[in-house]
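So that you can tell them apart, the chains are marked A, B, C, D, E and F in the order they are listed, and the count of residues begins at 1 in each.
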Amino acid sequence: MYFHDRHLQFTSKPEKPDALYAAKFQEILGGQFGEMTVMMQYLWQGWTCRIPGKYKDMLMDIGTEEIGHVEMLTTMLARLLEGAPSEVTEKAVAANPVLAAVIGGMNPQHAIVTGGGPMPTNSQGVPWNGGYIVASGNLLTDFRSNAAAEGQSRLQTSRLANMTDDRGVKDMLAFNLARDTWHQQQWLLGIEQLIEDGFTDGIEDSNADWERKDQDHTFWSLTRGSRANEGRWARGTTPVTGQEIVYVPFEEAGPLTDDDGTLPPPDPKLFVTYDGSVGAPKPGDAAGAPLQGAQNVVSKVKDAITGDDH
Amino acid sequence: MYFHDRHLQFTSKPEKPDALYAAKFQEILGGQFGEMTVMMQYLWQGWTCRIPGKYKDMLMDIGTEEIGHVEMLTTMLARLLEGAPSEVTEKAVAANPVLAAVIGGMNPQHAIVTGGGPMPTNSQGVPWNGGYIVASGNLLTDFRSNAAAEGQSRLQTSRLANMTDDRGVKDMLAFNLARDTWHQQQWLLGIEQLIEDGFTDGIEDSNADWERKDQDHTFWSLTRGSRANEGRWARGTTPVTGQEIVYVPFEEAGPLTDDDGTLPPPDPKLFVTYDGSVGAPKPGDAAGAPLQGAQNVVSKVKDAITGDDH
Amino acid sequence: MYFHDRHLQFTSKPEKPDALYAAKFQEILGGQFGEMTVMMQYLWQGWTCRIPGKYKDMLMDIGTEEIGHVEMLTTMLARLLEGAPSEVTEKAVAANPVLAAVIGGMNPQHAIVTGGGPMPTNSQGVPWNGGYIVASGNLLTDFRSNAAAEGQSRLQTSRLANMTDDRGVKDMLAFNLARDTWHQQQWLLGIEQLIEDGFTDGIEDSNADWERKDQDHTFWSLTRGSRANEGRWARGTTPVTGQEIVYVPFEEAGPLTDDDGTLPPPDPKLFVTYDGSVGAPKPGDAAGAPLQGAQNVVSKVKDAITGDDH
Amino acid sequence: MYFHDRHLQFTSKPEKPDALYAAKFQEILGGQFGEMTVMMQYLWQGWTCRIPGKYKDMLMDIGTEEIGHVEMLTTMLARLLEGAPSEVTEKAVAANPVLAAVIGGMNPQHAIVTGGGPMPTNSQGVPWNGGYIVASGNLLTDFRSNAAAEGQSRLQTSRLANMTDDRGVKDMLAFNLARDTWHQQQWLLGIEQLIEDGFTDGIEDSNADWERKDQDHTFWSLTRGSRANEGRWARGTTPVTGQEIVYVPFEEAGPLTDDDGTLPPPDPKLFVTYDGSVGAPKPGDAAGAPLQGAQNVVSKVKDAITGDDH
Amino acid sequence: MYFHDRHLQFTSKPEKPDALYAAKFQEILGGQFGEMTVMMQYLWQGWTCRIPGKYKDMLMDIGTEEIGHVEMLTTMLARLLEGAPSEVTEKAVAANPVLAAVIGGMNPQHAIVTGGGPMPTNSQGVPWNGGYIVASGNLLTDFRSNAAAEGQSRLQTSRLANMTDDRGVKDMLAFNLARDTWHQQQWLLGIEQLIEDGFTDGIEDSNADWERKDQDHTFWSLTRGSRANEGRWARGTTPVTGQEIVYVPFEEAGPLTDDDGTLPPPDPKLFVTYDGSVGAPKPGDAAGAPLQGAQNVVSKVKDAITGDDH
Amino acid sequence: MYFHDRHLQFTSKPEKPDALYAAKFQEILGGQFGEMTVMMQYLWQGWTCRIPGKYKDMLMDIGTEEIGHVEMLTTMLARLLEGAPSEVTEKAVAANPVLAAVIGGMNPQHAIVTGGGPMPTNSQGVPWNGGYIVASGNLLTDFRSNAAAEGQSRLQTSRLANMTDDRGVKDMLAFNLARDTWHQQQWLLGIEQLIEDGFTDGIEDSNADWERKDQDHTFWSLTRGSRANEGRWARGTTPVTGQEIVYVPFEEAGPLTDDDGTLPPPDPKLFVTYDGSVGAPKPGDAAGAPLQGAQNVVSKVKDAITGDDH
């Protein structure tokens, strides 16, 4: 359950409004790696964490902080949009040609839809969506995704910070950059803790016992003239599993099979173009006599019923 | 420029068709972390890599391999869908109640739209989209995202592998799992190489010189009763920057500002509800006399023209 | 700024897991009118409210409560998914045919993507997106949208409640239904308050002074044989503006203009099909001499410069 | 079944083309509350109305009118785009700096994709989608949604009208504003009629008999220092159900449960991180002996078979 | 402007409800090639047609018919959903195991969201969107797109028709199939008319005078072992331009350039990883002295100002 | 399986950077008919082609070529973005007003997200998505869709080519235009080959034996005053089936049925508004006695069981 304090976590006041900058600023609010994403991502991981205690609490702590970051960014945007040109006329443009840039580059929804407020979209107007959230229940993979998200988010914030001279904006972004520096490292520490607690050795390796062993430490070069063999990934041992890396050069790389992807005949009732070259087509009509296609579809289920073990 | 060999990289043949499994299988083809994502992500990063040589070539090598993985998965799906029930009737259901599951759970687009082929969508039918791709130009952040993507992708493949007994499917997934094991480690090696080459110290820290230093090594606890202080992230030093971590307990955490987010008055022409409590509203009409709102908007630009330095 | 308490606002415990019901339950979490929508909608309206005090605080109070509702629903879903069939085999289906429904109707992402947790999507797997949020800055229109959203949300919750006999689920939904009953009325009270405070007379009527007066109280019937004239909307006075309603029957309804939508000639450089029937095509090349097309485009701006008033 | 008259319902002729304004104008055609939305929403509600006669006919009458409104807006856009700069060159920009605004702010798809025509998108280029439509079959909730949509739509139209001096555009928008004034009131009258006909008392209250009564008239304040208690929503009686409102101040608000969201153990085959603290993990393998996880999943179904009534 | 007749164009009555079939039926209503697409596509092309008379009128005639087709399909869906299991219980499933398929395969939104009505989505629940519409203003390309859309639409309708035995459904689909047969041919006739009227020779060939002539009649084979040379596309003359086709076999196909895609140095302020190998990085700071990066960006514009012709 | 050559298929070098043009250029990379679409569309059709040999190989040949086209376009974009204004300041704008157009019209994601690289989106920032791909398995309909896509794609490329004077850009686009000229004709030749091989007579006509014959050669005019009767589509014979076309003028066109779309009564548990006028409502509770609603739903399945033939 959540509570709110009327004060922001950190001051969010631009020196002056700037509608053009506001349009770009949307990226770190509603973009793929905007604050809406990390807020929802950490809360989601926390709500669904299956370990009570330090892991769940830590996720909730950070997720809760991020709600406040979204609050700071929406506030900043509403202030950057003060007095944005809601009814710019030709005379104004004529009197001040620089206004042209503002008219051309302003986000029209900032005026028409929100009346001078932020949009829940990225800098190009695409709505934020739940497909950005990563939450698998596996804390190793999720902490890796979180560390990556903080890196991308920090990079975008840093690029955006270079696009303004407004000291108010930069003061707040200096706070955000610092939090992103910390959060990147925090998720790396989270992985350290998972290893220390015995949950993982540092890579996702479920069902490792039956993966195809000859292919889990092998670099394939598929570019003619590639110099990829000069990198660390082409020599020495793998960092977690400690295997000797095998490098397959372009000249030796090729199919491991003679399977050329030839497909079975189609069901004639689907009207797929077919010339009969791979046998008679199989109708999917499960009611027919004899039931050929549908029989295939459910055959393994039926086998289980009859006890037939292929 | 690209070339094609008619053979697949690895055999992609199920023992038997299985339309229900095909519906689930879509997730690792067209989902957030499906093969379409890593294929496009690595190609994109390679095409836009600003360093000629080992980094660019390595990205192209792996991206090119992934095109072949998409080919393997689409082939597997077309074969899993052989004879899928395109015209199941009541009689068939009556004769074999187990068929009900197939009817209920099959992806209808596999019959209606593709005629027995794969869809470029996830397991719930949502189309793959370019918003899944990550490519920032900054190799550290991108390699972190790549390692995370391989982890998520491998986890989903592994879960999916447990949902079938088909030896043909499992043989191919054993190959895919191995490649994901390797690729996770390869991207970690990529980060090692970046550090070795002096491009980074392991975290994204652009503009670090002016970030807010007191907040880049500080854990805030915002959950009443949190036990997050028991974790590695709450004690010791930060892993890359080597600072002593500061833990702010729930009882001490609170706003760093008295800014309560009060917003400036709105432009009256936007018809935003307002009671006058924070001053006179500011019209955005840039042509008016005197130009108040628009003046604000473009003031810093005009200041630059006149040389006025606020 | 936000804080979290480790306890839920209300108990969220199903009697038993139910993976099929979980798939449907997603609608009231991540659908158009799910809890994610009202949470983000009220927070957004609160963060951008231009009146300090009771309106802003009320929005923040309710928005903060809704974060806790999302927490309750994600928790319920994680519990409903306990032991969901992650690796159902043919034998199980054979032994228990009823399991077929679960296999057929379960959301595959609940196993493959989240590992037994909720998805930020609706019941059909479509990701929640920011396009669902409504926040115009005009409190009358937003409170109307909020009252409507609570109505739709309550209706969906009520329908979903009828689809289960689980007493644990129903207990929680009984709480949610009550909150929706209250919230519907609260937003109606919000409109009362706006009227009492003199912000509105109850409908959105900005720029009312120059709207086309003969068309703001007129019902047009455009269906042959329509009996719409029997309704309250076809007789008496309008509820807010108090005008006598005019009913235009099908036989009298028709175009108010002889404008048949004939379009001007296209720019030849756009290769639009055109037969010359409405005059010479107009090139958009602004650099040509004489500049015909571009001249049109920017003419009104240039007129403003020269002071020419058409 | 539908018929068409070659004349528009109302004149749709701008005085002069204006490509910049056209880009913004898209919002009221293809945005969340654009004419495409209300057209499809009312038609949909009409097509699926379960009451023959005045309600269904009224919905069809208005929906049919809205098709004509979409026609008016697309025509306006095609005319606003006449001679838009399809091949603006440097010389033109040099000769007329004001052109810069047009180049910068024009929607590139208006030239590249449609060749001088409208797009089925909002002002930021996001395609209109069916997720905007509201149609629940419950006329009270749908009429509330319709009244809200007309309010939002009118507000956007009004804001957009203030962004131009073109008398042709304003004449048409004066018509649209009037229709929106009327339609807002019409839907309110629709609710009056529903109450008069005994279908509702004014709020959605299905299953009201078992909702949690103590929570359907209670305002929770969750913001420290909130002044929400000053509003109409915190005192007096509820408008429809007539209950005395209970106000829970911040100091007294808190969890109604000791449920802290602890989740059950995960299925080990899903590879979710887990430390065993809430019991043994439960495999979802429905074929195993004994079937623990799957047993839970389908237990209530099986109980029904055996007649066991929990 | 549009009018409505209360009768459908054609009878739309199923013999019996069928909730499972309704879920699949959504594809031809709200899918990529569903009736919503062709309705909006033809209306859009008609509203924006720049030739008054037969072309515009024909587009409007067909577009108007398609509104009625959407009406027929929504009506059919509402009837197919009569009595759909809104509250199926365990007992019902136990008594009739076949019901499991309905529970498993029904679209949950048909109950929860619409209360027994159609959704504006495809068969997988993805909302219809404006990105499906094609309208370029060039009638040749649009008529080709229309003929293709009718073919895809007819194919899906035909596949769907094979999935039911309901005579009422089949009667209506027999009508729809016939219209699709006609419409395919009508658009082909439209192309004949365009050729007859001198608008085109049958392919889109704008700017043909300067396209790269050696590459407009050349088949490149890029698959090792390809037998594509056996097709009509590899021999003889091109159908419209009448050129002799050139076949480039796999062994001879290769890059036409030594451009290896090496990219210029990045702007250091964007923090893109770079090793200096292609020269000094170029700052994008347009305010610096000398302005290097920005100078590049706007140089061609400035050249036009100074009259400098590179 | 795929291989890569480090050289592009064709030179992709602009004379000078141009960030404004880059924003527009995105349309032919990531738009509805951009190169990402045709690349994925042809590969998809090839991977799922059910005829081994010339058809499948041809699809793979062209699809593989298109991967190289995406590579060319992404390279071009990265070069057009060299030195794009990542930190444009007021002083720069003041010194060079033309820069305003660049600031206003540049795609902000080109700086913030990709650091000077292309985005996988269209010119308005909407991500490319799998819903653009067409692949039905029926080669006639797919080749028609391919020919249409090449036409739309070529038209957009041609329009875009007219928006620049850069000889480097134009050289590459001259190559692309030529390939599009060829590819349009190639798909038409593909249809010729299909006819020659006996797969089709040129239109999609599956289930033609039972389509409604009187409606497959009939033009309905539904626009008052339509002159559509002047076109080729209103007279003579149909092009493929050779039937005499029937023209139904506006005055004679009307419903073929007295079905007015009246819907059956709703399930009371869905709370749909209903007045009882079409009979008693039908509960969907399948467990009730007698089971009315659910009985309807599954009746045809049960009939099959009992052998009852309605």
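Note that in this section contacts are C-beta pairs under 8 Å (C-beta built on N, C-alpha and C of every residue); 3 or more make two chains touch, one makes a residue touch a chain.
Owing to the predicted nature of the structure, the values given are computational and were not obtained by experimental measurement.
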Exercise. Which chains make contact with chain A and with chain E at once?
Worked result: B, C, D, F
For this session: Examine where the copies chain B and chain D touch and state whether the two sides share over half of their residue numbers (same) or under half (different).
Result: same
For this session: Superimpose the Cα atoms of chain A on the matching ones in chain F and note the rotation angle, 0 to 180, in steps of 5 degrees.
Result: 120
Exercise. How many angstrom lie between the CA centroids of chain C and chain D, rounded to a whole number?
Worked result: 2
Seminar exercise, completed: Taking each chain's mean CA coordinate, chain D and chain F are separated, in whole Å, by 26
Seminar exercise, completed: Residues of chain B that touch at least two other chains are 1-9, 32, 47-48, 53, 55, 57, 60-61, 64-65, 71, 75, 78, 86-91, 93-94, 97-98, 100-105, 111, 113, 115-116, 121, 124-127, 129, 131, 136-138, 140, 155-156, 158-159, 162, 165, 204, 206, 222-223, 225-226, 254-255, 260-261, 263-266, 269-272, 300-301, 305
Problem set entry | Footprint of chain D on chain B - complex, ascending | 155, 158-159, 162, 269-271
Problem set entry | chain E residues touching chain D - in the complex, by the definition given at the top | 1-9, 30, 36, 40, 43-44, 47-48, 57, 60-61, 64-65, 67-68, 70-71, 74-75, 78, 89-91, 93-94, 113-121, 127-131, 133, 135-138, 300-305
Exercise. Can you name the residues of chain E that touch chain B in the complex?
Worked result: 20, 23-24, 27-28, 31-32, 97-98, 100-105, 122-126, 155-156, 159-160, 162-163, 165, 222-226, 250, 253-255, 260-266, 270-275, 277-278
For this session: Provide the residue numbers of chain E that touch chain C in the complex, in ascending order.
Result: 1-6, 47-53, 55, 86-90, 93-94, 97, 100-101, 103-109, 111-113, 115, 121, 124-127, 136-140, 194, 197, 199-200, 204, 206, 304
